[in-house]
Amino acid sequence: MTLEPSVVAEPDLVQLLTPEGVRVEHPDYAIDVHDEQLRSLYRDLVLVRRLDSEATALQRQGELGLWASCLGQEAAQVGAGRALREQDMSFPTYREHGVAWCRGVDPLTLLGLFRGVNLGGWDPADNNFGLYTIVIGAQTLHATGYAMGVQRDGAVGSGDPEVDTAVLAFFGDGATSEGDVNEAFVWSAAANLPVVFFCQNNQWAISEPVERQTRVPLFQRASGFGFPGVRVDGNDVLACLAVTRAALEHARSGQGPMMIEAFTYRMGAHTTSDDPTRYRVSAELEKWRLRDPIERVRSYLVRSTDTDADFFTDLDAESERLAEHVRAGCRALPDPEPLSVFDTVYVDAPVELMEQRDTYAAYLDSFVPAGAS
Amino acid sequence: MAAVTLAKAINAGLRRAMEDDPKVVLMGEDIGKLGGVFRVTDGLQKDFGEARVIDTPLAESAIVGAAVGLALRGYRPVCEIQFDGFVYPAFDQIVSQVAKMHNRSRGAVRMPITIRIPFGGGIGAVEHHSESPEAYFAHTAGLKVLTCATPADAHVLIRQAIATDDPVIFFEPKRRYWVKGEISDDLSVPMHEARVVRPGTDCTLIAYGPMVATALDAATAAEADGHDLEVIDLRSLSPLDTATILASVERTGRLVVVHEASVSFGLGAEIAARVQEKAFYSLQAPVLRVGGFDTPYPPSRVEEEWLPDVDRILDAVDRSFTY
Amino acid sequence: MTLEPSVVAEPDLVQLLTPEGVRVEHPDYAIDVHDEQLRSLYRDLVLVRRLDSEATALQRQGELGLWASCLGQEAAQVGAGRALREQDMSFPTYREHGVAWCRGVDPLTLLGLFRGVNLGGWDPADNNFGLYTIVIGAQTLHATGYAMGVQRDGAVGSGDPEVDTAVLAFFGDGATSEGDVNEAFVWSAAANLPVVFFCQNNQWAISEPVERQTRVPLFQRASGFGFPGVRVDGNDVLACLAVTRAALEHARSGQGPMMIEAFTYRMGAHTTSDDPTRYRVSAELEKWRLRDPIERVRSYLVRSTDTDADFFTDLDAESERLAEHVRAGCRALPDPEPLSVFDTVYVDAPVELMEQRDTYAAYLDSFVPAGAS
Amino acid sequence: MAAVTLAKAINAGLRRAMEDDPKVVLMGEDIGKLGGVFRVTDGLQKDFGEARVIDTPLAESAIVGAAVGLALRGYRPVCEIQFDGFVYPAFDQIVSQVAKMHNRSRGAVRMPITIRIPFGGGIGAVEHHSESPEAYFAHTAGLKVLTCATPADAHVLIRQAIATDDPVIFFEPKRRYWVKGEISDDLSVPMHEARVVRPGTDCTLIAYGPMVATALDAATAAEADGHDLEVIDLRSLSPLDTATILASVERTGRLVVVHEASVSFGLGAEIAARVQEKAFYSLQAPVLRVGGFDTPYPPSRVEEEWLPDVDRILDAVDRSFTY
């Protein structure tokens, strides 16, 4: 039997809220959201965009060494982040500031590595949010292993919503080419692990368009490994929420992995070091601006709910407070002590390393001007 | 206790670790029913089940990457890499994740992962089955690197490696898997301590893993020439037990380091560098190195010539005495 | 859109000759073979099995250090090997003795690495047959790169049968889990390369059944990357020939990669070092013995063609001669000189390495008894 | 010729190599329209087309593995690894294929592959962007390992690397990409020759890549103390130009080796081991090493403290003079 790949030129996206702000239904992914929840999602979107733009500004001011903006991807990240239950684990790349936000991570926690005062430095267990991972794709295998642990702990398919646990692994379109990501697919499928692979296809891997990585839509990749794949409008927070919820439930209930391709767009540069004018045209940007993830929710709230002006004014104020928190907090992040580089290399540090530390400490002391100690 | 093979000593160590801690899981290719190609995990899947002794997909990066995830979930994974030459697909996960995650989290997470690797040559195998990649890992901050030369050490060290909260690359001298010796439950010897396996006065030989037996043979042969050689088994390659090494060289004044790995940029280089720095005035001769040549591991029909042997060690000892 | 993986419990195999030796037709893969060609295929199958069993015997006698038998997989290898045109390139694992045979490689050439007198030691260009590759999956990327070269040389889609070139990459069921193999799929698809991925699913990766690697049939993997996959009866030399021919033509004509899963069985141990009784039951073996790749061709030749007894007697004699060639040739393979390990590390060897060589040469000379030179 | 940056010097070298040999192809992530994250391949895709300047999928093992295949088809691939920390996924293809294929074929096939890697720290980058993995490759038989410290050398060495039929790992000192200097077409200096960049009489400093400038600064500063330091730029890390090193140490009697990589098991170890063996009686002090600490590369806000600098080099020089 020959299986011809079913190439769908423009495959349907799961969409529940059009770019114009109109609610539509989807046969597979129904969602029942109250206006209050919608406002709450809107709040997240707005605040995530705000903290992101604040960080970009801080980089320009020299307060951060680098920033990887999530501009344009807020709906994908908030939708996915809000679908998680407390016990679920998530493994981000370096761009999931919106997921971090939904998990309750203080944005300042994220800034450390971009400022260069640490390499991440948070505890994944604090918010069930993994450390930012810069090596493309590596975290998908960590998600796989974590899901093995979940499975061994009996926290899959028990039917108890407090117990059953899924793992959500984030990665980009470019990452789908890495061996690690495909090995994660292999293993999760073969072992029927409770992991959801959430690919934000933002159309670019730095300067390379997604066509450099694949000639078919990425969500189709999953079927080759034997698990379902779905493409969702990554700029539609409702659709992302509904689809991720369903996928996580699929995983928690013991049906194994699922892949989600959130079709979205990187509205900014790859990072603050990047210059996208060298490789892409502004027309593309204009097209995607019309599909803005926040604008459509605002339209809906204004037109189809009784959200009053106070809500928006209050949110503006909250947004300002967050921005101030980010700015002030960033500047206050202390530089590490030179000797701190030795602190956490090992749990049980070798004598020789401690000697190296002591020698260096003595060397540093030798610069202290006489009488200054 | 009765004498057991080195392979069995590790097997018993793994078993004991699994009994002591339900979070210990083994993972690797063919470690289940087959018991591993060297039978080191023989019988463990039968006794501990498929959830704890895991026959993995054929993907080394995944084995190590999944171990990282398991560790994050509170497990204590022990990975088997089938042969030394197959650890390279996992190199990225080892160097950039296993070695660095604890530090990346500023101490919040721990990586109690043991990666077992049968290493070295001398068993007549085909390409990629006789490599000695230990220097790559010793040069990688965040990892600890252990070897063993006897059943007794193999048993204790594997248990210590699993028990420690730091990641350990555990090199097993595959051509010594069938050597027999007693094992004991005494875990009191510190994991990173080198051992003087033969005291001597005239010249120090340093070896580890498969070369310890060869170094001991050389020391015995040297007696005939009236040379009393001291032999040190490093056991720990990273960190190195520099104190034990220096104490010996300060007494003997001469040092020959032996390993199978290509001599350039190998363990011998680091040891020579440290000793000439820390025992500058004690050395009566330069530190000499006997190792594999700076070539890929050769076809098996010529491996005995390529590998350091008693004669090549004695040749170096003789050269040392010419100073 | 959600793509549910189309799990086919027992997907059809392309089959053109049943285990009972009956010719059947397949709508997609017609083949027109004369009796003479069938005899020639039969001859290859028989001789490949003979050289393989001779090598196994030589290992038992201590003449080889190791042997990886292709017993049971002769049809897959001869079918694939015979489908190649002269200019096509092939990249084997360590088990493709049947492909080597079809490419015109003297079996003795293969024995060197198993005897331990070299590490392969042949020139891939001699027969367009790559070096045996022991690191699982690595060669699939070499095939990918070679195909890039073919594409750059304009040797694809020209329509000239002397020019258009395909690349055939072999690997096992276990290998499908390696990152390298999946990266080869990614790249070949994205760049539309003229490469055919030929997976011999012999049901086992040493002691691990194929279920450890996948929960869906392996030929489906290709569709996730956007190219066709086909499962063929790997014990049917006609089907393997027809399908591989078609796939190579697909590649040569510029339509990009294809994947073939040859469904077969490893009748022997993984290698002579392996003990399959520890992990598999003989019933499975019995089942597959009934699907023997050689027996069915013999049945067909005897029953449905005018092949006379002389053909079989002559082949027996030829087989004996081949065995003798292998035995005698193997024993005559010279051990390498100790100093030869320095010969081919570099094209342009560093001075220091040559000094190491000279020092070693002097050392060796020191053992020559006085007066013996 | 006018002065150009080191990045531009490599760019010009790549361009020249592509003009000279139609089989030269470049491959890597973002090397096309973007010209690479450091713009080293700027303009080359425009001039040589997408078939010869290839934006690859995001898969380092594939980049190197495909280069092997291209080499087998008669091409001369030049791979760019975007940052030092991303070479590890390709480690298996480099160590087991690129380095060994020529030998596996007993000389029948050649691997004229150049793997360019921007390396080292000091640019304020995030994790994995400041690594110094050169020792891993220097320890791997079958590879040649080059570095460059000036535009002139960068230009010549990249052309020599591409022209040679052996595989070369080519380390580019990323924090010196913007340093300017003249380049020339004179390819007569042998590829594996070290260069005395500052003659001196009292103590030898050995450095390579980004540390050469630092070592020169240290030598200048030492003048104030009345010390005349000799500075050697290794250029080739494998093979090492031991002759040049020994000639210098035999004159000065003292040696300090400087590199960014973690000091243990790094280049300094091999150099110390060779020098103490070959110049045993010339050394008036032990070979001392100044390197990164045995920790992962630190957060950028503390990297200037972690990296060897003029003061730490002079501190080692002073210690050398105490012997």
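All chains are identified by letter, namely A, B, C and D, in their written order; residue positions are counted from 1 within each chain.
Basically, a contact is a pair of C-beta atoms (placed from the backbone, for glycine too) under 8 Å apart; a residue touches a chain by one contact, two chains touch by 3 or more.
From a predicted model like this one, the values you see are computed outputs, not experimental measurements.
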Per mean C-alpha coordinates, the chain lying farthest from subunit B is A
Larger contact count among C-D and B-C belongs to C-D
Chain centres from averaged Cα atoms put subunit B and subunit D apart, in whole Å, by 30
CA centroids of subunit A and subunit B: separation to the nearest Å works out as 40
The distance between the C-alpha centres of subunit B and subunit C, rounded to whole Å, is 36
For subunit D, residue numbers touching 2 or more other chains are 56-57, 59, 61-62, 85, 88-89, 92, 96, 100, 103-104, 127-128, 141-142, 238, 293-296
Where subunit C touches two or more other chains at once, the residues are 118-120, 135, 177-180, 183, 186-187, 190, 212-213, 345, 352-353
Counting only contacts in the complex, subunit C reaches subunit A at residues 1-8, 11-14, 28, 176-180, 182-183, 186-187, 189-190, 192, 211-216, 219-231
Listed in rising order, subunit A residues that touch subunit D in their complex are 65-66, 94, 112-120, 134-136, 174-175, 177-180, 205-208, 212-213, 273-274, 278-279, 335-338, 340-342, 345, 352-353, 356-357, 360, 363, 367
Given the complex, residues on subunit D that touch subunit A span 29-30, 32-35, 37, 55-59, 61-62, 85-86, 88-89, 124-129, 293-296, 298-303, 305-306, 311-312, 315
Subunit B partner, complex, touching residues on subunit A are 89, 118-126, 130-131, 135, 138, 140-153, 179-180, 183-184, 186-187, 190, 343-348, 350-353
Listed in rising order, subunit D residues that touch subunit B in their complex are 61, 85, 88-89, 91-92, 95-96, 99-100, 103-104, 127-128, 135-136, 138-139, 141-142, 238, 261-262, 264-270, 272-273, 276-278, 280, 283, 285-289, 293-296, 323
